[in-house]
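Let me begin by presenting the structure, written as structure tokens, before commenting on it.
Chain IDs A, B, C, D, E and F follow the sequence of writing; residue 1 opens each chain.
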Amino acid sequence: MISPIIFTVSLLLSSACHAAVQDFCVADLTAPQSLVGYACKKLETVTVNDFVYSGLGVAGNTSKLKVAVTWVTVPEFPALNGLGISLARADLAVGGVFPIHTHPRATEAIIVSEGKITAGFVSSTNTVYYKTLKQGDVMIFPQGLPHFVMNAGATPVQIFVSFSSENPGLQVLDYSLFSNDFPSELVAATTFLDIPQIKKLKAFFGGTG
Amino acid sequence: MISPIIFTVSLLLSSACHAAVQDFCVADLTAPQSLVGYACKKLETVTVNDFVYSGLGVAGNTSKLKVAVTWVTVPEFPALNGLGISLARADLAVGGVFPIHTHPRATEAIIVSEGKITAGFVSSTNTVYYKTLKQGDVMIFPQGLPHFVMNAGATPVQIFVSFSSENPGLQVLDYSLFSNDFPSELVAATTFLDIPQIKKLKAFFGGTG
Amino acid sequence: MISPIIFTVSLLLSSACHAAVQDFCVADLTAPQSLVGYACKKLETVTVNDFVYSGLGVAGNTSKLKVAVTWVTVPEFPALNGLGISLARADLAVGGVFPIHTHPRATEAIIVSEGKITAGFVSSTNTVYYKTLKQGDVMIFPQGLPHFVMNAGATPVQIFVSFSSENPGLQVLDYSLFSNDFPSELVAATTFLDIPQIKKLKAFFGGTG
Amino acid sequence: MISPIIFTVSLLLSSACHAAVQDFCVADLTAPQSLVGYACKKLETVTVNDFVYSGLGVAGNTSKLKVAVTWVTVPEFPALNGLGISLARADLAVGGVFPIHTHPRATEAIIVSEGKITAGFVSSTNTVYYKTLKQGDVMIFPQGLPHFVMNAGATPVQIFVSFSSENPGLQVLDYSLFSNDFPSELVAATTFLDIPQIKKLKAFFGGTG
Amino acid sequence: MISPIIFTVSLLLSSACHAAVQDFCVADLTAPQSLVGYACKKLETVTVNDFVYSGLGVAGNTSKLKVAVTWVTVPEFPALNGLGISLARADLAVGGVFPIHTHPRATEAIIVSEGKITAGFVSSTNTVYYKTLKQGDVMIFPQGLPHFVMNAGATPVQIFVSFSSENPGLQVLDYSLFSNDFPSELVAATTFLDIPQIKKLKAFFGGTG
Amino acid sequence: MISPIIFTVSLLLSSACHAAVQDFCVADLTAPQSLVGYACKKLETVTVNDFVYSGLGVAGNTSKLKVAVTWVTVPEFPALNGLGISLARADLAVGGVFPIHTHPRATEAIIVSEGKITAGFVSSTNTVYYKTLKQGDVMIFPQGLPHFVMNAGATPVQIFVSFSSENPGLQVLDYSLFSNDFPSELVAATTFLDIPQIKKLKAFFGGTG
């Protein structure tokens, strides 16, 4: 009565093995990236440490920039590969600002764990939704919409961030326009900004042209 | 020998009926929109005219704006509901410009059918990809990335546009920042633009604050 | 030179309107739920308050249960409808345990913001991955796999939780087996547990049969 | 020590309720069909009988047609709504043939449970893959490809069919061309068939024009 | 008039070739598995035999275990790669039981082709749905929900099984808890089972700790 | 005040780099094709020329065939890999016809840029939807449904085509039946066409058997 069951174990395990690799697919960062992510690390080499990331307990260094981001996406935490979620920690010193940016491939949810912020986004009907948030408040920025976060208080801000993709992407408006070789005349023609303003910000953000 | 087959017709047709409604789902624009689109118009009321849209043969009116877009998305062409594609025609008079904008939910492909343009986009590593295109050239703007198109010639431009979604969305940078009640101080703090520049463009685009 | 641009605003805005509702779809919880979620609240009635949830700053009440969960999913925060993400806060008093459970429709990521836990999951090759985590550590539980979290320290634990779906689902092993009218004989036959153990836990969890 | 746990039951159950409706979505066939299927029957009204379909134990009536299909898709078995699978039973008398047809939205897998068949499909590189199968053999027809099944033996055939969609669709070549009002001249021009052949089959399949 | 058409053949074939490989993607089991499955076997090497699997006509060996499963998933039938469906045959001798288990990535549909069973599943609101089924009955187990099947008659049972994924996965409750090195104290703390019961079942299922 | 911001540039750029490769995935056509497409060309080697395709300004050669297609899918334009859209240009001389065919994996939208056509498709309830279209008209053919296009005027026709997939596939009815080694007896048995008609078309389309 017992032995049959023990046989059952091996029977069913063998039939399950091929499926198990798809419970998760810890990224092999050395393999070429496909349209949908990385190839899977061999199951035999996966340990619990692949599923644990340490380091969100420490604030990023805001001494120089007033803002810092600690990313927990596939490159930092390969176990997220294919699982449709990623994280970050954002720290803002007093006066710190995350300028307008978008995440082309993810909705962002923030939890204010310390301090006070003003945060907002602009919809594609050009409505601006912004509000001042306190510790314990949550706000979401729907996928692909430009948004910003700034410290609105007199104390440092700590935010826990979640994304609806392991690969949210990031596009910062000022860097798109002013940190590269986008010719000033083209920027002017396609943004209606004045050339002197463009030149000033290109100098500021290390752009040329 | 014949009659059985004729019976087969009714047999198989009856079993197919319930499926047919999903060959297509012509939008009932009067029904509430769900996460994934509109409810389906009753199959009995669908005719070939639901699958045909007329009007891309005529240029939009560029006399005032130098640019015009004729959209062929679900509201104009309800048959596209759920089919993952939409179209447009863009006309640019000499000197016409489509300023930097994004489509949050679609890749855009353009075919230059008349004239000469300069078009480009910015990737999320802030690389600018732009080029001057002639009649017959195709260019793509990957989903969610800011891009622009301008007439680069001495003759009118006609472009046929395809989107990888029936609902591509549209977000124009200048309108997001300058056509609404986004407070100038917040715009300045989150874009690093100077207040006078912001005020000038808000006046220009009808914004307040 | 200015007026044309102002015309452009109305031109492009009108063409964008129909798309905007799909930037987000704040759930109308009074509408029937479809396969993919709720119908969208009318855009005109949406305000910034729809995108903000307050209340994760306060610990749940662990005085009776030693554990408490504050959920931030679609019913509590309708703006998440269709956005593929949800959140929760978990509090564990000293000795508190979240027993083995699964989320059938989401991967879970946890951030230990206070205290020390032991957490783990079982893969479908029956490997147990568990570890003791400290403040600032992150762990993930891949979609559909049974997992647990217990306070492993001498102080209260606070955890911020993210899910890769706005509707993760929850199935707790003990409630599936012992809190309902699942006949004890069937439970015994399909789990190999002994009847007295089953009866004891049914009494414990309010089950019958 | 017991009461806390009993409290836990209600605590976690309440938080799980909203999710449960999405374990399944038994179709309310009276509601309008959306792009993705039917609205969900109220959870309170769902019983085990919603998850059971009886009737595949009886052969369809092949006395007239030599072939019969018993469909188990959403209209016959509403519990399949949204679950991505459907079934059918096919019976073929001696000499019975299922003519060339496609399922636009599903891959089909067949299990020959009785008898002997010749079955095949044509790929989009126009390769014909066909073989004679015996009882216990499985064959698949990839999504959207034209395929056929015929009784290749001297005894009745029974086949169990599975589809990778709850709504596979069905399009039979002969009915598409010959059972409707598709003008013979248009059929001839677009298929290169001869008019007499077309007229003969239109008479055969009840078509006009 | 003929030759042009013959030219048309080569013209259109060449344009179709690149697409054909995506009609199907017979798995190359020797290639590394990606997030979404296996790489495709070269089209030139694919024959009709890749689309046919033989062996469901024979009962599995239930002499020792009272139950047996013959799996037809990607490893046994590589043509299923990417097609979203897989199959199995289950045999249960008199008294045979498939204990509570889940398929994390698929809905299961069963057809009772011989004998009489009792089958059921538990929803995430902890409702138990179970019933006794006879030959010809169909039952579904929605994705990710724990379910069981037992022979409820005095004769052998034969079941044909379909899954809504080529890779359904399998997780058997007893093996998750009792066939591995999951420490008994952790199992007790997270399941509320008594240590003696755990030790007894660990001995039974070959577990340690 | 400036230097911090300049630091921000490098900080955020580094965090964005890993995401950028997923803005687009220009196909490396030399890599093996996966279920979902090609591996990505290295980002460093991508230039604006990867995003531009030239050649739709020239009519295909219809002198022999009366019809010609210029395809712009992944093999011709690798930047489309993974972007869910592809294009083509179709030219029809007077009397030119594209016979009945399907695209198994895409909806097709056509824009008549010159001339006059008759176009149509057949739904899976065997309804024929066809109409004569003039320059500037748009028509859609829903995914997987058989359709045709013929020149209905006295002048050449030029059509711009868009597909809702970068890999639409193509299956032409006549080639599926008559251009290969599909045995005439099997074709007859599964289409109800007469053997002489089949033999005539096999001779016509270069088929055997």
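Here are a few things to note about the model shown:
One rule holds for everything that comes next: a residue touches a chain if its C-beta (ideal position, glycine included) is under 8 Å from a C-beta of that chain, and two chains touch if they have at least 3 such contacts.
The shown structure was predicted, so the numbers you read here are calculated from the model rather than taken from an experiment.
Within the contact network of the assembly, the step distance from chain B to chain E comes to 2. If you take chain C and chain D together, the chains in touch with both are B, E.
Of all residue numbers that take part in the contact between chain D and chain E, over half occur on both sides, making this a same-residue interface. Work out the mean CA point of chain A and of chain C, and you get 20 Å between them. Our note on geometry: chain B versus chain D, Cα centroid distance of 36 Å, whole angstroms. For the pair chain D and chain F, the distance between mean C-alpha positions equals 28 Å.
For chain E, the set of residues that touch two or more other chains comprises 5, 13, 16, 19-20, 23, 34, 36, 104-105, 120, 124, 126, 130, 143-145, 169-172, 175, 179, 192, 204. Chain contact topology: the protein chains form a pattern that is neither a line, a ring, a star nor a complete graph. Across the whole structure, chains are in contact as follows: A-B, A-C, A-E, A-F, B-C, B-D, B-F, C-D, C-E, D-E, D-F, E-F. Residues of chain D that touch chain E in their complex: 5, 13, 16-17, 19-20, 23-24, 43, 47-49, 51-58, 72, 77, 79-80, 83-85, 87, 107, 109, 111-113, 120-121, 123-126, 129-131, 133-145, 160, 162-164, 192. The touching residues of chain F, when paired with chain E in their complex, are 32-36, 64-69, 71, 73-75, 104-105, 167-172, 175, 179, 204-206. The residues of chain C lying in touch with chain B in their complex are 2-9, 11-13, 15-16, 18-23, 25, 31, 34, 36-40, 81-82. Those residues of chain F whose C-beta lies close enough to touch chain D in the complex are 97, 99-100, 102, 104-105, 118, 120, 122, 124, 126-128, 130, 143-146, 148, 150, 169-177, 179-182, 186, 189-194, 197, 200-201, 204.
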